[in-house]
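Presented below are the structures under discussion, each in the form of structure tokens.
Next come two complexes built around chain A: one with chain B, the other with chain C.
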Partner chain A sequence: MARNKDKPDIPPGTPFQRVRPMLITFFIVALIGPWVFSSYWLNTFSTVACLVLASGTVALLYGQLGMVSLAQFALAGVGGWFCLRLVHGTGMPFELALVLGALIAGLFGLILGLPALRMRGLYLALLTLMIAAAVQVVVNVIGFPDGGPGWTGKVVNGQRMMIARPLIAPTDVDYFRYTMFWLALGMGLIEWARATLPGRAWGLIRKSEAAAIAAGVSVVRYKALAFAMAGALAGLAGGLLAGLNGQLDNTGFPVAQSILLYALTIVGGAYHWMGAVFAGLLIRALPALLNDHGVDGNLSNAFYGFALLVSLIQGRKGLAGQLADFYKFVRVSRIVEGSIIWGAISIGLAIAAVHYQAMGFAGALFLTLVALLFRQAIPGVCWLLLGFFGKRVQDAAEDAEAWLSLRLANLMSALGLMPDHRIVKRTLNVLFIGYFVGYVVNGVFDVDYIVALTIIWSSIAIRFLIQLLMHPAILPLRQKIDAKYPKPFAAYR
Partner chain B sequence: MIEINDLCVQFGGVKPIDGLTVTLNRPIVGLIGPNGAGKTTLLNVLSGFVEPRRGWVKVNGEMITGVPAHQRAAFGLRRTFQTDQIAEDLTLLENVQAIADHAQFDSRDAEKKAVYGAIDFVGLSHRLNRKGDSLSTEERHLAEIAKALIGNPKLVMLDEPGAGMTETESEHLQKVIKGIPGYCKAQVFLIDHDVELIAACCNETMVLDFGKLLALGPTLEVLKKPEVQQAYLGNFDDLEVAA
Partner chain C sequence: METLLPFIVVGISVGAVYALSGVGLVVLYRASGVVNFAFGALGGLAAMVCWQVIDLEYDDWMGWVAGVGVATLLSWVYGRFIAPSLTHQDRVVRAMATLGFALMIMGIAQWYWGDDPRRLVLPTDSDGIEFDGRRLISHTRVVALLFAAGATVGMLWLLAKTPLGLRMRALQSNRVLAGLVGVRVKRTDTWAWTLAGLLAGISGLFMGNMVRLNPTVLTFLVIPAMAAAMVGRMNSLTATVVGGLVIGVIESLLNLVPEVQRYGSATAFVVAISVVLWQQRHGIGLSRDNSHLE
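And now, the complex of A and B:
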């Protein structure tokens, strides 16, 4: 019964297509990460990768089933404990202990999930919080295994032992890539499940359990699956943390950390894989960055309260959701055009940086690419902050910006240049990004502030100039490509 | 064919359905009644969410009272809900596929054919990959119907599918509902407040009032009965009319 009321549909995304952007991102980070990070930052980012995986499990439970689990970091502790115990006790290879520890943590998660079959919301949150507290108490009493005798494997008086790094990843660089591999595997598993049969069943249950039952879905089975998966992957993250340092600290898995993990997963966004990445960076990388600049990293926790407030006001999708919504409207022609221009600019600037001995080739390349990324992220952040002050302020600011931009755009098109309807916003972005990214890279990459600022700003300025000048040549080409491939990311989530 | 025998549902002191005995064997059966007549309760009994205190229900000669709710889908009982149950962040295709995931099919091809066929049947093939939250109210109601047509149902129960639709949208809905018995050999059980929709679609209509059967028969005859009109509109003699 066809009705031709509307335009034809957007193309569908296969499960692999949906997981692919994430895998590519992780692959690129694993590849060029060790190239640009110092060893302190490399270890920090290995930890971040573990936290991303743990945050991914929180997002799985909250985003897919609306269930609040405050025990995910405690489950990471459980996974880490068993991983250490198995390696110390049996001398088995690290990988095997890692997987077995994850499976045991998955079993714990499943047991934890049993009450969740009947509980929701606040009660489930309280229950999981109590379990996290129980894990903390038990760990305080028996400690993490460090090669000692007995069931707990704890050394009472004497030299604590560490487990060796896995054979294929003895150095920090290898272990970073090793962690990224497990992260890609774990997050890939979650994303694959979301895109296929379990994800659809979770969607039905999330919408209404009655409707799911009426459709013949076993609610118990799919809730249990989610809890087991989340527990196992959190345990995997714990095992990877244990492998990173060869041991685990008794104070390493407190209740507060589980709560922070949950709160920042909400801030990052529980409905998109990027949310977990944001959460991981916020938990570990931002405090480390502040410490690097001589500010106490714990201060960031105060900021997180504010960030959570903003996320709750601005809606449930978090930072990642806003970014994803933004990308949905990206067009193929802009991607092709952007990649070519940015590739040329970044390579050119990197060569220039090497020539003047300002900084390394890879570092400069990375900087310009970061500038590109932030160019997209900042509008979302500005919008988020503006929204905090209320709709009226945001509207007034946008009206003023639109008024000015429109006049500037008219002027540009009268001069025969490519008109830009968001020129004021973009200029503000560029100023803001320059300072922000410059500040960050100054800490992370040991680059002079001025050099970083020069590279970022010149890359953006050159891009702007190119865009201005190529107006007549590019416009028909753009239209041709857009007509052929309309909005390629619209089907992704 | 739905056979209901001496059905009685009780919540505390309230009896939403009170001794209902009826046999419905036309392809499209309508159910109307004023608010609180027991329409949705009857649907909940049929789909297994409410256990009757007394009496039984048979569909196509098979006893369904006592069968757990989640097994009734496999048995061939499909329903829609008053508030549509389209998951916002799944696409339309995924929403329908989610139902097919839990139904029995001979092959992958048959499953795919059923999913695309149902979506095409309700006229939404141009919306396949739209997410639930970008569908209009009408499209969501139609998608609900498509979900109910998966897996060779024997009985499709529609709970107010026409709520909030404009006249043209309602016309399309009429065509869809009338086509269901031909499309999948299922009996349709339609609840709605829109008497026009009921009149246009249903071969047979039953009217409930306070849990009891008020009238049953060919739709037009039933709608013309004075007691039905009184149950719907009230008694004009008692009205206190504003000056």
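And now, the complex of A and C:
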């Protein structure tokens, strides 16, 4: 039965219901992203969006079909190459070149998938690795087109030309939203396919090809579809990367990146769209953040390696799987209540921060929201993430915490104060949130560390006071909501 | 032939290092079913440690022992403590776990030693085989060739003649049944990892001397080595060595053709892809590839 934990959870609902939360999330990010982030971080997040799409294609092949392709980032390079070549060669609009480049990359993906029709598992992984390595050599030699003559379109000893941003997205802000639009389209396509007929056919093929054939599934057609789709969307990501800077770097698509993309998709979680988001953030945003703080980026490689090892040993759901598990246990009333109270607190604190000129409105709003979200989620997630290191570590940590908390609570009640049996856990959580979110915000928004800490901790304190005062009034409402939207796994206390 | 000869000699000497790494990969894969992505990283670490020890003005031989020793030790640690928790996963997952190990080693080594230009000098560098009055290959490459030949013969002997080799072959054909008849699976596995670490360390020293002394570069040299091992279907040591040598020779001969010269470093991959596709047409799969049963 050990294999059961590796199986993906298949959420119920219609295809649209399955795609909807993702689309809403992307829409919100596209809407408020530019408002919150500086230009540098906005470009970083445009890159992240492209990587999320590329990672989504890896997840499609691995999570849904059980096939390992280590060449997805190389395919992104192919898409980017043709996109640049078409724009430089014919002067066609960017969108057209983007789509054509994606289609050509899809064709490459299809060719790549041809051996996969008879090959599985490790051999396919090694074969795609060889292809990615060969693509790297070719790209190193011919380079990416930059307006030069000849079929390679490479300028020799001259000014490199760049392609213009698309007409409807000339600025960084517009381009971020433009990328998010394509990301939503691409990921929506993947999720839609996963939730409908192709997804079921793929799932059956993953389980057993013999069973799939017996059930009347055309194995060849659906495998080819998966590889073409994955190739095309990876190519789209490459084209979007090309459009971001107007050119691509010859060293930008090494085989190491293809491998890293696969590895981090596993760390993020290949069975849920959030996994691709985590993978994109880990590849690009984490090194950028560390760089901001002057930490050597190589250490992030060591960290990725560790995370990969741990997540493979721990079963294969990754971070997204852990979060999805966690969500199963959260009551709906908490989400409603949290959203209302958080909204009030964060807007209030953000206005206060602007009033005292401590920091910008958007930054403060973001900071408070994240702090409260973490305050709500971290008690679970943080200890859940300990489970990442193994059940034994998690249990030992819980036991130690309980032991210490009990002693402290006894001490407090002996002194005549109100005892709290989770005091150590709560304190640790609040400290962790303060320092962690403060660290991130310090890098992203250039806010003073002290200011960030003050805002975070005051928001948590206000939240606590509100809860304390309004608890009797809220309780019946809570029960009503929970009765209406029951969750079978939620721990009703 | 006169003009080709020097290129062939150089090619063989380059291919020997691919072959040496390929042998290490194949031995581990045969015994434990793991494709070791950390092979290059272990070799890179060995080269860096060796350089560091020599740089601290200890004797050369201490550097070599320290480098190879560290690689062997780490490989043993992985095989003894980490690999066992993954034995029941499928082989892709086990291969990817070694990738995690490789990233850890590479990240830490790169962080500690950085990108400074360095050279790992071996005493055999100073002299070499001459041809037409020009230095063709240094003695280091000859030594590497000898090591590759020695490792191949040694491993063939080990697998064919010794009790340990017998147990490894038992694991290769079926782990569960091997365990049932009394083979100590974990211990045999650990031995395979230790041997692989030893070979990784040795080939790492040669790679660090010939290619470039940089942890990241050395880590990803595992990919051409894998190409050599794929020619041998991750199974046949002889075919792996031949594959490595052929790749080296073709790569070297391509220097004669100016049009494709710059694509030379893709030789290993193109050879591997062609061989795999050809084998597939003839119904030859990866050894132990019983994924259709899973």
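Note that the second predicted complex is superposed on the first by the 425 of 493 C-alpha atoms of A that agree within 3 Å, B and C clash if a C-alpha of one lies under 4 Å from a C-alpha of the other, contacts with A are read in each partner's own complex, and residues count from 1 in each chain.
In this section, contacts are C-beta pairs under 8 Å (C-beta built on N, C-alpha and C of every residue); 3 or more make two chains touch, one makes a residue touch a chain.
Everything numeric in this text was worked out from a predicted model, so none of it was measured.
Peer 1: In the superposed arrangement, does chain B or chain C reach more residues of chain A?
Peer 2: It is C that touches the greater number of chain A residues.
Peer 1: Can A:Ala215 be said to touch chain B (first), chain C (second), both, or neither?
Peer 2: first
Peer 1: Considering only touches as defined above, state whether A:Asp296 meets chain B (first), chain C (second), both or neither.
Peer 2: After superposition on chain A, A:Asp296 lies in contact with chain C alone.
Peer 1: Answer with first, second, both or neither: which of chain B and chain C does A:Leu197 touch in the superposed model?
Peer 2: first
Peer 1: With both complexes overlaid on chain A, does A:Arg334 touch chain B (first), chain C (second), both or neither?
Peer 2: Neither partner.
Peer 1: Which of the two partners, first being chain B and second being chain C, lies in contact with A:Val137: first, second, both, or neither?
Peer 2: A:Val137 contacts chain C only, not chain B.
Peer 1: If we overlay the two complexes on their shared chain A, which of chain B and chain C does A:Lys207 touch? Say first, second, both or neither.
Peer 2: A:Lys207 contacts chain B only, not chain C.
Peer 1: Should A:Arg407 be classified as contacting the first partner (chain B), the second (chain C), both, or neither?
Peer 2: Touch status of A:Arg407: no partner.
Peer 1: Counting contacts the way the document defines them, which residues of chain A are shared by the two interfaces, the one with chain B and the one with chain C?
Peer 2: 2
Peer 1: Using the touch definition up top, name the residues of chain A that touch chain C in the complex.
Peer 2: Listed in rising order, the residues are 2, 68, 115, 118-123, 125-127, 129-131, 133-134, 137-138, 141, 209, 255-256, 259-260, 262-263, 266, 296, 298-310, 312-313, 316.
Peer 1: In the complex formed with chain A, which residues of chain C make contact?
Peer 2: For this pair, the touching residues of chain C are 35, 37, 82, 85-86, 88-93, 95-97, 99-108, 110-111, 216, 220, 223-224, 226-227, 230, 262-263, 265-266, 268-270, 272-273, 276-277, 280, 285-286, 289, 291-292, 294.
Peer 1: Could you pull out which chain A residues touch chain B in their complex?
Peer 2: 1-13, 197, 199-201, 203-204, 206-208, 210-211, 213-219, 271, 490-491, 493
Peer 1: List the residues on chain B that touch chain A in their complex, please.
Peer 2: 47, 49, 69-74, 78-79, 81, 85-91, 93-95, 97-99, 101-103, 120-123, 125-131, 147, 172, 175-176, 179
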